[in-house]
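You will see chain A twice below: alongside chain B first, and alongside chain C after that.
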Partner chain A sequence: MSRPFPYTYISCPCADTPVPNPARKRRSRESPQKSTPERDTEGNEDQNGTKQSDVKEKEEEEKEEEGEGEGEEQTFDPRSPRSNFSLYPPEQLLYCEDCHQIKCPRCITEEVVSWYCPNCLFETPSSMVRSDGNRCGRNCFNCPVCTAPLAVSSIENVTGNGSGQGPWVLSCGYCLWTTLDIGIKFDKPTNIRSQLQKMTDSTTGPAFDARSRQGSRAFGDLKSPLANFASIDEQSNTREPDAEQSTSQEDATPTPHLGVEARFAALKSFYRTQLSETSNSPSDPLSSEFGFSSPGALNRLMSLYASSSRLSGLYGGAKKPKSKPPVMREALTASEGLRIVPESADTALIERIASPDCGWDGVASISQRTEQSPDVRFVDELLPLPVLLRTKRAKRCKSCKHILVKPETKPQSTRFRIRLIALSYIPLPTLRPLAQPPASLIPGSAPNLDLNALAPLRPYHVLLTLKNHMFDIVRITLATPSVTPGSVASKVTVLCPQFEIGANSDVWDEALQNATAPLSDRITGMRGGEKVPEAGKVWEKGRNWTTVVLEVVPGTLPGSEAEGGQATGSDIAAVSQKDEDVLEIPVFVHMEWDAEAQLEQQNVGKASKPDDLVARELAYWMVLGVGRIQASL
Partner chain B sequence: MPPKAAKGEYIETDTGNKISRRSQIHGTQHIILGGKTVIQAEAVIRGDLYRLPSTAASTDPNNPAPQSNAPSVAITVGRYSYISKSAILRPPSRLHRGVHSFYPLKIGDHVFVGESAVVEAASLGNHVHVGAGATVGSMAIIKDFAVVLDGAVVPPGMVVPSWCVVGGRPARIVGEVGEGYGVEGAEGGMARERYRVVGRP
Partner chain C sequence: MPATSNLRATQTARPSSPHTPQQQLRSGNTSFASTTSPGSSLRNEDDAIIIEIGARWLRAGFEGSGTPVCVMGFGPEESRRVGDYRGWIQSAAGIGPLPKPVDAEDWVRDYELWQPDLRKVDLGLMEDKIERVLRETYNQYLLTDAGSSRLVLALPSLMPHPLLSSLLSTLFSRWRFPSITLLPSATMSAIAAGLRSALVVDLGWAETTVTGLYEYREITTKRSTRAMKSLQQMMGRLLSSPASGEDQDATREDGISVGFTYCEEVLTRFAWCKPQAEDGEQADQPAHTVSIPSPTCPEQEFYDVPFSRLADPVETVLFASGIAESELDDEEKSIPLLVHSALQALPPDARGTCMSRIVFVGGGARILGLRERILKEVSSLIQRHGWSSVRGRVVERQRQRLEELRISSPASGQKLPTSNNAESSAEGEKLDPSQEVPEIDFVEQKLRRQNKDTPVPVQGVLRQVESLGAWAGASLVTSLKMRGMVEIEREKFLQNGLAGATRDSEPSIPDRRSGLRAGERSSWTLASWA
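Moving on to the complex of A and B:
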């Protein structure tokens, strides 16, 4: 999900097992002359690099003096393909208190707390999920045509005398599909799933022979005995179900002998008995599962490898003569789940597709068919889909197995028993452009900068606010590469790279002091323009937040007019396609704070005072998305 | 944009609602704003589409129309909710036993309704974000902390569970927001900041 500018992403350090890339390291740490040719190979920027290198060198040196390096080896490149896997919006990140590390969705494991239907918001017990599948067993269905939820509505909608006026249908409020389109009505508005199952399982009609009933017995158990049949479409009633091969009738839909699910159950039980009959070693783990098509084949395969292996001479030498494994047979009768596709099925299908009353609209689309049983080809065979369940999940740290997030089990509840989100530990970054520039002196309402069209080579000031959610004062050191990575080299300077953020103390403290002070302060700063960003000074500061100014000079896009070259359309298109013109600033954040010692540490060091403070530090990269650079001036 | 009126674009009520002079609000006596709500220009709020007590009484002879004394509420909006430019809020309606009647639209706290979105839901929970150009169909229920992406069409009667992101036409659940969604100042928790900057000279 891309976000509108300005945005901030935080990089999870779990991706910090880097592929060594000496070129990149050189660029960030050493002289820029070396970095220039490297960039040339990357982008198609030619003269610009050498032209600016002197300036860059100077700035780089300044940066070094400002104390940029905290021993980090490598500059984070938001453009590298690896970054895709480590950059997350701040609210997605968690924090493990034991590892003292940011945790992203990649460094956690999830476990299901509860299943619930997203439509009726009822919890489904896990035993029912296991037995009935992860679909809602109540009245929740999705439209087979457009996936919108279906509503149960009465056909008799005219007058309002009495409530239970059937028959009932499921209707889609989005595409206006109803179950009448497939000829299904329901006798009562409840327990629709079992009613529907009964109808679809009995597609063979009245001559429902004993063997097939046996096969679908497991499903008969699920049905309510009270649920009686509603009107099935007449076509299937008139259809003569041929016992062995269900040949297609005049409407050319091959009628499955058993319902799809009943046939699956029959096949499953058939193969299970086959496996138990044919497997000679009951301890064989594969024989109990549906591992391979037949354990006989597997045995042969294994003996083949054993004989050819050179190690066979070492271990035991000659292989033991094995008895010939019994051969597993395939399903032979319909009760075992066999279905013979009639020869005319394909031609009948094609005829039906070609017929004018079917047409393009009558054929089910691929996305519709993926949700249905494999035999479904036409729109009028689509069945309503019971809603898939969703889960509430607890999250654990992968490395120390501590629970980071544990939601309440109730589907309706939005509360958490445990919720260790990164935002309660790391400062929340927010970015906004400073109403700028003071030189232009636009009074009153600052014109909204179009962040989607930043002019190249023009300095912009961006305000980066870091808001502390911890109850301790945090010392922050910010560092950026002076030139952003990528083919568009934008210059970035943090005007105040070292500062402190106040503790997230009681709100009342601030309220009792002076609540309106920061607000009015900010207003004057925004309006009058008398407040000028100064190097080494914090822009403004609140109870638990601090704002600093970043000066950004967007670079020129390769091949743009500003560079002197010809702005060919294809060049620009290529640039914006790769999002090279997006101005993203990698910022290294190093935070230090004095936390209260944890319990275990207190217990170990009894000599130390109980209110002992432990110095903590945390460092991570974040990426500030400032805007998109304009192609021309 | 026309030149700014001298009075300022927004009327601020006692409870801190900031309502644009250029918004269209019908049936104000049927609308409850919780305070600190922002209604931007050209937003349309249809409080006039309330449930008629007379029809309810006539269809239901057992009930002697208890609502007749109190004016029925068509739209309730919680605190710090934000109705963007050209958005439309209208109460949901349903054909029930042959009678077409309106039902109240409840909007929770910290809700954001994007530009030119149309909301006809039965309820939007707290911290719900409805993207620009999105449509929320009649009688849909959007639970707390849910996000409707830009341009999505939530079909009528759909329920969007908490923490879910829906998008597309018709809307489907396409993802979930992070656990930190709705934290003050972060994504989903910008309502106070949004309110603060509105109408500031």
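Moving on to the complex of A and C:
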């Protein structure tokens, strides 16, 4: 059960085409060079087989029957774990007019049109998105404990004695968490993000900024004169760590506990200096990767980095450095990003966790931690989370690159410039149970039907309505396996597998049609109660919709009473947790219609003749969720 | 191999040539694959995406940042149908008790992306999961167009080829990544610790790997199945047992009846590890009790557990307490043994360097007290066995017999002192040279004097260095514009798949040095993944 019963899902046809795996193709052809597991090669051949059949399918695109024949060999199984990834509610699918195919999120590519904060609806310019870390740069924050949005309020408001001034805090309206809990107050009610940033960065020491200048000078000194006038690239190199406020290399004052980001920055600047130091004499034969002085792969890689070839071109042949070239070393001090774990560092933490004032709620949960810095362990270390930005995305067909969806860029606008949703091309399936199972069939059946408790082995009738949104008449063929796949075998019969759905013409047409149509048809439609579902007959038909009847006999649950086994409550519960008792019917839909030719622009002058019609067809699987089968009779 | 030697020849010739205008042009190029130093205005757009994929989690983010933008899981909630909002309506699956005890393997199956045993892995399903999780990562967290920039994957260096192949083909066929770089996660963890050599202990999901790295090269890898998965299963059994009475051992072999998420929550919050057993300590531990949500009704009720009990799974699973060392199979060594044997497998020089650079990564590294305990146990193992792999009762007997022989042969009255001597000398033989006071070597001294300014690296003592993790290492490496050994290009992969990689593990090094761009590389390699 994924939605309230009854529901319908459509399987995107892309599920049938496996990911083209060049390795599989090749490996199964050649003798396997690696000792791949037996089963795997079998699988490869299997895959290969289906792939070939796919190719065939593409070649004979016109003859869809063949593809259908093959499709029938492997009935779509809504219970297989993979089908979860290809089933979509009909309204979420798109349709490509050029490929004439349904498109699910898997077979489209997306392009970001604009970024905006879902909280304040401000659009973020693309240049700012990354520097803000994909999060809102203003005052929008989420509660780190319960993820509800936080409000900026003055301390007086929170503590309850009026006046609208003074220090400000972020407070959660849901779980009553405030930034006071972690000891953070803000001076201004605006620009909270930057204020918070300053406060949280202070763990790395306020001396950081002051040091950076001196650090960069030291950095410059370290560089050999050769490197100094070597290239502009190098110069920009030196500027880079400067901008990032790196710690100076000499400054060995142990910064007690660098945050993750600070340590990362320290490591980065450390590696930068090392790289520039060690790549000074690239022409030295010892420094090549074949020498013994620098066996490291990293060293080898980085020699590219500092434009070694250029330097060597200028100086390499003439000058041979006498001294052994410096080898990149490892980080040695905390300011270089090294952190040696002190002994018995965890004892205090263990005691804290075990202490009664911490308890279960004092430790951050997994979901709370995923958004935070990886060091966080306790709830009082959680920081308010700036709201993640959202994007408006244009969608293109993956195979033909045509635009399927193009939203307007403004965050406030919900309109789309282009939106080709599948429902305007494929019939919308809706399902409902036939209100009263005819008394003639089942005497004494309950009048109101509970879809969450279908009695096994009792025939039910469900009405499947297909509503056409195209301006052409569509011929539909439905096919279902006679017994549903899975452990619970329910019998399904489509009473009328072939029918037509009228065009989505003007609403007035219907009124006019109905006026002319024989009244008796409509009357039988009204008197649904007396109507008996008949094989080969459409149940009901309207302007652009048709209803047919499906007869379903739910199977018995494994181990249930009906099967003679003793069902324990836990067994049944286990079954229902795995959704095995859900009655889902895979239905193969094949639709044909005569569309107007795409070339109509070319023959605008001419009056469109019926000859211009092109026969089109589309086939896909859909899944009808009827209900849940009861354990007992 | 003529081609390679040819390349090498040109390589050595090139630096000596007077001018190389062509290369200047190249390095001046601001194409993203070029290796010019950062600073071009387009840099931001081309920032590579770094993704670390494990069996349970996926971390993704941009190069040059210290922490990933997001961490995504592969649970059943993530593999629901679109439009299935049950996870929001009910309390998330896996919290409440299960109606029926399930097998421990089935219990974890839904939550892992792959298993080491590929016979049970549906590769198609894995592809589906990866596709969806990556699509959501891009759409919700990375907020860039998928496939426009380079992708860097930090992967364990031992990865089954079918897995790697289907992972890469999913990525390449779904999005238009120009190239995918693979970086070994162990090395990346060492880099993120600022080290060149390290012993990386990855307490991962399916297995614990101990990798000896020397100068960024993986030398040895030892693995054990004692890892987070079995820990989780053990914790599940432990939490299932109070529901069915207190007898823990009876239910041990039965299934697990608590929710996976609930169990994981308990594990990450409260699992801890006792310090190495000392007799006096045990008494005061049970005094503590903590209250955790009751497994039968985690939403409302709490119940008290002795805090020490929550340390038991760690004890039994990771340290194999109560099982004799000789009983353990090769693939299920306890973690201290594993670390010790990995160190033992290293050459002495590398061993000395690595043992003072032990890096713990992986989910298990977060368990409080665990790392310290492992180090303590390793050091006691070293004290007991030294670096000799010969041990056991028979050896001990042999030694004693030899000793007796030695003692009896002099047959004089000074029995006691000799035996002492013999013992100490026997001890000394076994001990590693690194533990002795090094002889003062004049060459060594001279070298020392020469490199006075370069600090002497710490060596030979057990020391633990903290790493920022493989993801951060990969981000660091990529942001420094270093190229990985394994850079797989789209076109080449789509032609031949993994089979297109050259067998030779390092043919492309000369290429890289000369600054050729990716497009010009003639062949690609899988390096350590081959």
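The criterion applied here is as follows: the second predicted complex is superposed on the first by the 333 of 633 C-alpha atoms of A that agree within 3 Å, B and C clash if a C-alpha of one lies under 4 Å from a C-alpha of the other, contacts with A are read in each partner's own complex, and residues count from 1 in each chain.
The rule is short, and it goes like this: a contact is a pair of C-beta atoms (placed from the backbone, for glycine too) under 8 Å apart; a residue touches a chain by one contact, two chains touch by 3 or more.
If you're wondering where the values come from, they're calculated on a predicted model, not measured in any experiment.
Greater residue coverage of chain A by touch, when chain B is weighed against chain C, goes to C.
In the superposition on chain A, contact of A:Arg329 is made with chain C only, not with chain B.
Of the two partner chains placed around the shared chain by superposition, chain B is the only one that A:Cys172 touches, whereas chain C remains out of contact. Of the two partner chains placed by superposition, A:Ala453 touches none, neither chain B nor chain C.
Contacts of A:Ala354 after superposition on the shared chain: chain C is touched, whereas chain B is not.
Of the two partner chains placed by superposition, only chain C is touched by A:Ser365; chain B is not. By the touch criterion defined above, A:Gln92 lies against chain B and chain C together after alignment on the C-alpha atoms of chain A. When the two complexes are superposed on chain A, the residues of chain A that touch both chain B and chain C are 1, 88-89, 92. Residues 1, 88-94, 116, 118-121, 146-149, 151, 157-160, 172-175, 390, 395, 405, 411-412, 414, 416, 419, 421-424, 428, 430, 444-445, 467, 469, 519, 523, 527 of chain A touch chain B in their complex. Across the interface of their complex, chain C is touched by residues 1-3, 9, 18-27, 30, 33-34, 36-37, 39-40, 43, 81-82, 84-89, 92, 105-106, 109-112, 115, 127, 129-130, 133-134, 233-234, 236-237, 239-240, 260-261, 263-265, 267-268, 270-272, 275, 282-283, 288-289, 295-298, 300-310, 312-314, 316-317, 328-332, 336-341, 343-347, 349-350, 353-354, 359-360, 363-366, 369-371, 373-374, 377, 388-389, 391, 393, 569-574, 577 of chain A. For chain B in complex with chain A, the touching residues are 4, 59, 95-99, 137-138, 143-145, 149, 153, 155-165, 170, 172-173, 175, 177-183, 185-188, 196, 200-201.
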